[in-house]
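What follows is a set of structures to go through.
There are two complexes below, and they share subunit A, which is joined by subunit B in the first and by subunit C in the second.
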Partner chain A sequence: MRVLLILIPFAWRNLWRNQRRTLITLLVVSVGVWSILTFNAVIRAWSDSSLAGSLKNMTAEAQIHAQDYLDDPDMAHSFPEPTGELLQLLNSPSVANWAPRVRTPAIIQSEYETLPVTLVGIDPDREAGVSFIADSVKQGVQLKDAKDEGVILGRHLAKRLNTRIGKRIVLMANDINGRLEERGAKVIGIFSSSPTMEDSFMFTGLRPAQKLLHADGRLSEIAMMSSAQTPLPQLVTMTRQAAPGLDIQSWDELQPMTKGIHDLTEGFIYVWLWVMFVLIAIGVVNTQLMAVFERTQEFGLLQALGFRPNWVILEVLLEALQIIGFGVLVGSLAAYASVYFLQDGISLEGLSAGADFLGIERVLYPRLEAREFFTTVIVVWGLGVLTALWPARRAVKFNVIEAMRST
Partner chain B sequence: MSTILECKHLTKQYHQGDTTVNALQGVDVSFNKGEFVSISGPSGSGKSTLLHIIGSLEQPTDGDVILDGISLRNESRRELADIRLNRIGFVFQAYNLIPVLTAAENVEFILQLQGVDRQARRARSGELLKQVGLEGLENRRPGQLSGGQQQRVAVARALASHPAIVLADEPTANLDSKNSDELLALMSKLNQESNVTIIVATHDPKVIAHTRRHIVLTDGNIETDETRAA
Partner chain C sequence: MSKRLWGMSGAGQLAIGVIGMCLCHSVWAAQPDPTQLIKETFDNWRGESSYTEVTMTVHRPDWERSMSMLALTLGEEDSLVRFTAPAKDAGNATLKLEDDMWIFNPRLNQILKLPASMMAQSWMGSDFSYNDLAKANDVLTEYTHKLISHIQQDGHTVYEVEAMPKPDSATVWGKLVIHIRDDGVMLGEDYYDQDMKLLKRMQTVKVDTLGGRPYPVAMTMQKADVGDAWTTIEYLNGQFNIDIPQSMFTKSNLRNPRPFTPKGAE
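After this line comes the complex of A and B, so read on.
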């Protein structure tokens, strides 16, 4: 400890003997840390927005189905509307929002075209916070309630059907007994979303859908969002316990592709971290090696005066520790300032069509998470100092006499 | 007078390709406490090698050095570093001060490593710098001092920890005549006042004239070892 207290100010003074080199190293470390943290915050905002977009595309965080529904999604695999323990859980603080749905393959026919579609009967009030449909109706009106018999079509589907608001269409679908049923309905709204959603989904009230399919009191799925107080895996477990006969799956099981893309983005962040770290390490090793070679005579002198070899190593490491620490501090503050500056969001309005296509929101909100912030800082600092062990060990490899003779 | 340093049959061989250079060929010599000794000899005679081995900066091929009762033969690098820190003072030809420290800090640095408290360090460095005539220049860095002044700081540093011996390798080689005279007068004075053993490797006749005992090395052997009457 005593030696450490001597060496800390000694190392600090030595750092500033070559100000230009120290400042360049400082710049490399600072820019590296700044870019890791800022890039991380922006990419994570992108990734989270993309995930949120995917979840809003009718997946939500978890879904409840009858067994076998996912393999054969028709009303033959439906389940009764929730009661008892399941209803109690869905209405508990563990669940932020939940929405009951009837969802079945159907045929939609206009005066000009007949197309396949997924018919979804919804309670529009319950879809808020669960899916995109609650706030995506751009023309016409939203369904009033679960009893509304009107239909809402995607913009692209309406175009392909050559229909519009106020026109009537015909819906055909197999009912719960497998018989083909049909009914006419009026287009009351057009929604805007990703091309896939606009093409494949149409919405009507839950009750008319149940009536069409002769499935009163039955559902195809319940979509739900966990609350902040209950992590999703815990909610899934609780739901499985509350409804043992039903199939409960979280979004990553329902959409492994989305999970894969999300994981890939996470991986990309780590790849960037390592690329930047390698650049930082090269900067630090270069600086420290130069410093060690330039001061070989001095390290010989210090050992001649009674410096133990490990004190020389410690001295070089302390120099690295300080310059990296200072760089990390400057880089972190710069990253914090950058993210603070972007706290109102990065607008993608100029890319709105692309944003819709990619299923991300039009404003990204970068944020620095404490855990990632400290992990990055500690990893860069710790590995940077470990990297400096190489030049530090070189500093004591020289024979004292040879070292003192060097110029 | 008690013996402070004993060299027993010191041998040092260097290998340069296929050639073996015998820098020291079985040197036996003792030094008493308080002696001021010069070692001279032609280039390659082994005087610097002898000084380095005595100072534990190099290991002999054979033989041993007993310093203040401690054999240096089988000590580890760390133990040798501790011996240098606590028992040996060095004055080098090229001053060799630590450039980022002031004159006072260069003197105090050794004491600091020894764990001497701040107040005692300050007092000791102040006293030594005053003794070497550098009062008022304590806060100057080596780059702000002349060669003679730097070498005085080096002498003060060598004496700071009350070492058993001070080893000086060509201490006047880079100094002009006036500074050489002043440094030698200073070393003689400190030798008498501190009763510290000073061993100087030198070519300089002025240095030899200041010392009472003079050893001449030739081809790694002691040719003469004379002590003049006081």
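After this line comes the complex of A and C, so read on.
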């Protein structure tokens, strides 16, 4: 213990014998740590935003369907509107929001074009907090309620159809018996979203959609969001128990691609951590080796005076511990400052079209999570010191006599 | 009942029309009922049943081709069209039963039911779409009709009837304007988009006697704003109100044509 008390200031003073080299090493470590932490926060914000965006694109956190609907999404695979136990669960505090839908492939026709589209009959009030359509109607008006007979089209689809608000389009879809039904409807609103959403979906009131498809009181889908009090997997299990005949799946089963991308982003954060760490390690090992070789004679002399080899190793390790610790401190403070500076969000308005294309929201909110912050700090610090074992061992591998003789 | 009446010969039709009109309107000659006008025209066009030999010419700025076909219709809903020339197209056939359409391709030896998404596409590369064939009757059921003008032309009165889609009708057009001669000959149909801009126009270019009735024997369909591109349909031969068995309008007959020679014309 007394040795440590001597060695700590000893190592500290040794560090500052070559100020320039020490400052450069410090810089390498702190820039490395800063970049790991800041990139982590930004990429995680990106990934979360992209996930939230994907879930809002009509997936939600979990969906209820009739069996086989996912393989053949027509009205023959529909189920009655929820009653009893299922309705109770949906209205319980375990579910934050839920939205009943009719959702089936359809054809939309204007004077100029005929295009395939997915017809979605919705209750507009229930979509709030579940899907993008609740707040994406940019021109015209939103559907008033589930009885509204108007239709809402995506901006790009409306452009391709050469139609606009106030005009009539013809909607064709197979009804519950598989017969083709058609109806004229007036365009009352235009929504803006990602190009895929704009081209794939059109919305109308739930009741008129059921009427067109001769499916009164039947639904294709219930989309739901879990509340903070019940974790999603638990909610899915509870729903499966409440509605044994129905097909209930969570977003990661419905959208394996989204799940994959989310996992890949997590992976990328760790890849970045390791790349930066290797760079830091190379920098530290290099300078420490230099420092050790410079002091060959000195270490020889110390040992001749009674310094134990272990103390030499300890001394070199303490140098690494201090310089990396100091660098990590500076780096994490800088990262904290950066994220604090960005806490009001990174606005992507400037590249909004591109952001839409990537399916993320317009503003990213980077956050540093305490657990990740400390994991990164400790991993970099600990592994940095471990790599310093190599120069430390070199410092005691000399023959004392020869070391003292060299100049 | 009314269908049979309207299937009668031109003179009989007119007589019934006169009686009918006289009962309801005292001044029918000045103001015929536009809906009846369109009905008469469609019945004159198709009859109770019909057999026609038709040549279709598709004209484009840098090419032109002609196809010959035989067409059978029964009632308002059923029709069968079979191409006979040129050899490349011979055997292709289109069957329409109510709102559904099937096409048969002899090279593939396949019957294909036309999906809704294809109904707006061009029929055999012409300026007619499948919908023009399948939904011709919509003008009677999905629109309200108004007589907007009449003019004297070649000793006939030509009426102009404006057809506005009923609210929420399953139709995309803004309006149709139909030109009808007083003897029930269709002289043309103009299609407008919902900004009331002319999109395409069907015009009768020649009226003659066919199967014993005045008939639009040559009609041209042309899209607005495309210039030198049009499709003409010419009726070479025709018989109306003949016996055609319902079995002609089946998918099995679409694939394996039974011989049919019209006889017992009116």
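We take it that the second predicted complex is superposed on the first by the 405 of 407 C-alpha atoms of A that agree within 3 Å, B and C clash if a C-alpha of one lies under 4 Å from a C-alpha of the other, contacts with A are read in each partner's own complex, and residues count from 1 in each chain.
Simple rule for what comes next: a residue touches a chain if its C-beta (ideal position, glycine included) is under 8 Å from a C-beta of that chain, and two chains touch if they have at least 3 such contacts.
This one's a predicted model, so the numbers in the text were calculated from it and none came from an experiment.
Trainee: For the combined arrangement obtained by superposing on subunit A, do subunit B and subunit C clash, or do they fit?
Mentor: Fit.
Trainee: Between the C-alpha centres of subunit B and subunit C, what angle is opened at the C-alpha centre of subunit A, expressed to the nearest 10°?
Mentor: Once the two structures are overlaid, it is 160 degrees.
Trainee: Go through the superposed model and pick first if A:214 touches only subunit B, second if only subunit C, both, or neither.
Mentor: Touch status of A:214: no partner.
Trainee: Which partner does A:401 reach: the first (subunit B), the second (subunit C), both, or neither?
Mentor: Only subunit B; A:401 stays clear of subunit C.
Trainee: Quick check on the superposed pair: does A:170 touch subunit B, subunit C, both, or neither? Answer first, second, both or neither.
Mentor: Second partner only, subunit C.
Trainee: In the superposed arrangement, which partner chain does A:17 touch: subunit B (first), subunit C (second), both, or neither?
Mentor: After superposition on chain A, A:17 lies in contact with subunit B alone.
Trainee: Scan A:301 for contacts with subunit B and subunit C and give back first, second, both or neither.
Mentor: The first partner, subunit B, only.
Trainee: In the superposed arrangement, does A:6 touch subunit B (first), subunit C (second), both or neither?
Mentor: first
Trainee: Tell me which partner A:149 touches in the superposition: subunit B (first), subunit C (second), both or neither.
Mentor: After superposing on A, A:149 lies in contact with subunit C but is clear of subunit B.
Trainee: For the overlay built on chain A, what is the smallest gap between any CA atom of subunit B and any CA atom of subunit C, in Å?
Mentor: Subunit B and subunit C, overlaid via chain A, are at closest 87 Å apart by C-alpha.
Trainee: Flag every residue of subunit B that touches subunit A in the complex, lowest number first.
Mentor: The contact residues of subunit B facing subunit A are 52, 55, 57-58, 77-78, 81-82, 84-86, 88, 90, 92, 96, 98-101, 109-110, 112-113, 115, 157.
Trainee: So in the complex, which bits of subunit C are touching subunit A?
Mentor: 99-100, 115-117, 119-121, 165, 167-174, 193-194, 199
Trainee: In their complex, what parts of subunit A are in touch with subunit C?
Mentor: 107, 109-116, 149, 163, 167-172, 180, 182-186
Trainee: Under the definition above, what is the set of subunit A residues touching subunit B in their complex?
Mentor: For subunit A paired with subunit B, touching residues are 2-3, 6, 10, 13-14, 17, 297-298, 301-310, 399-401, 404.
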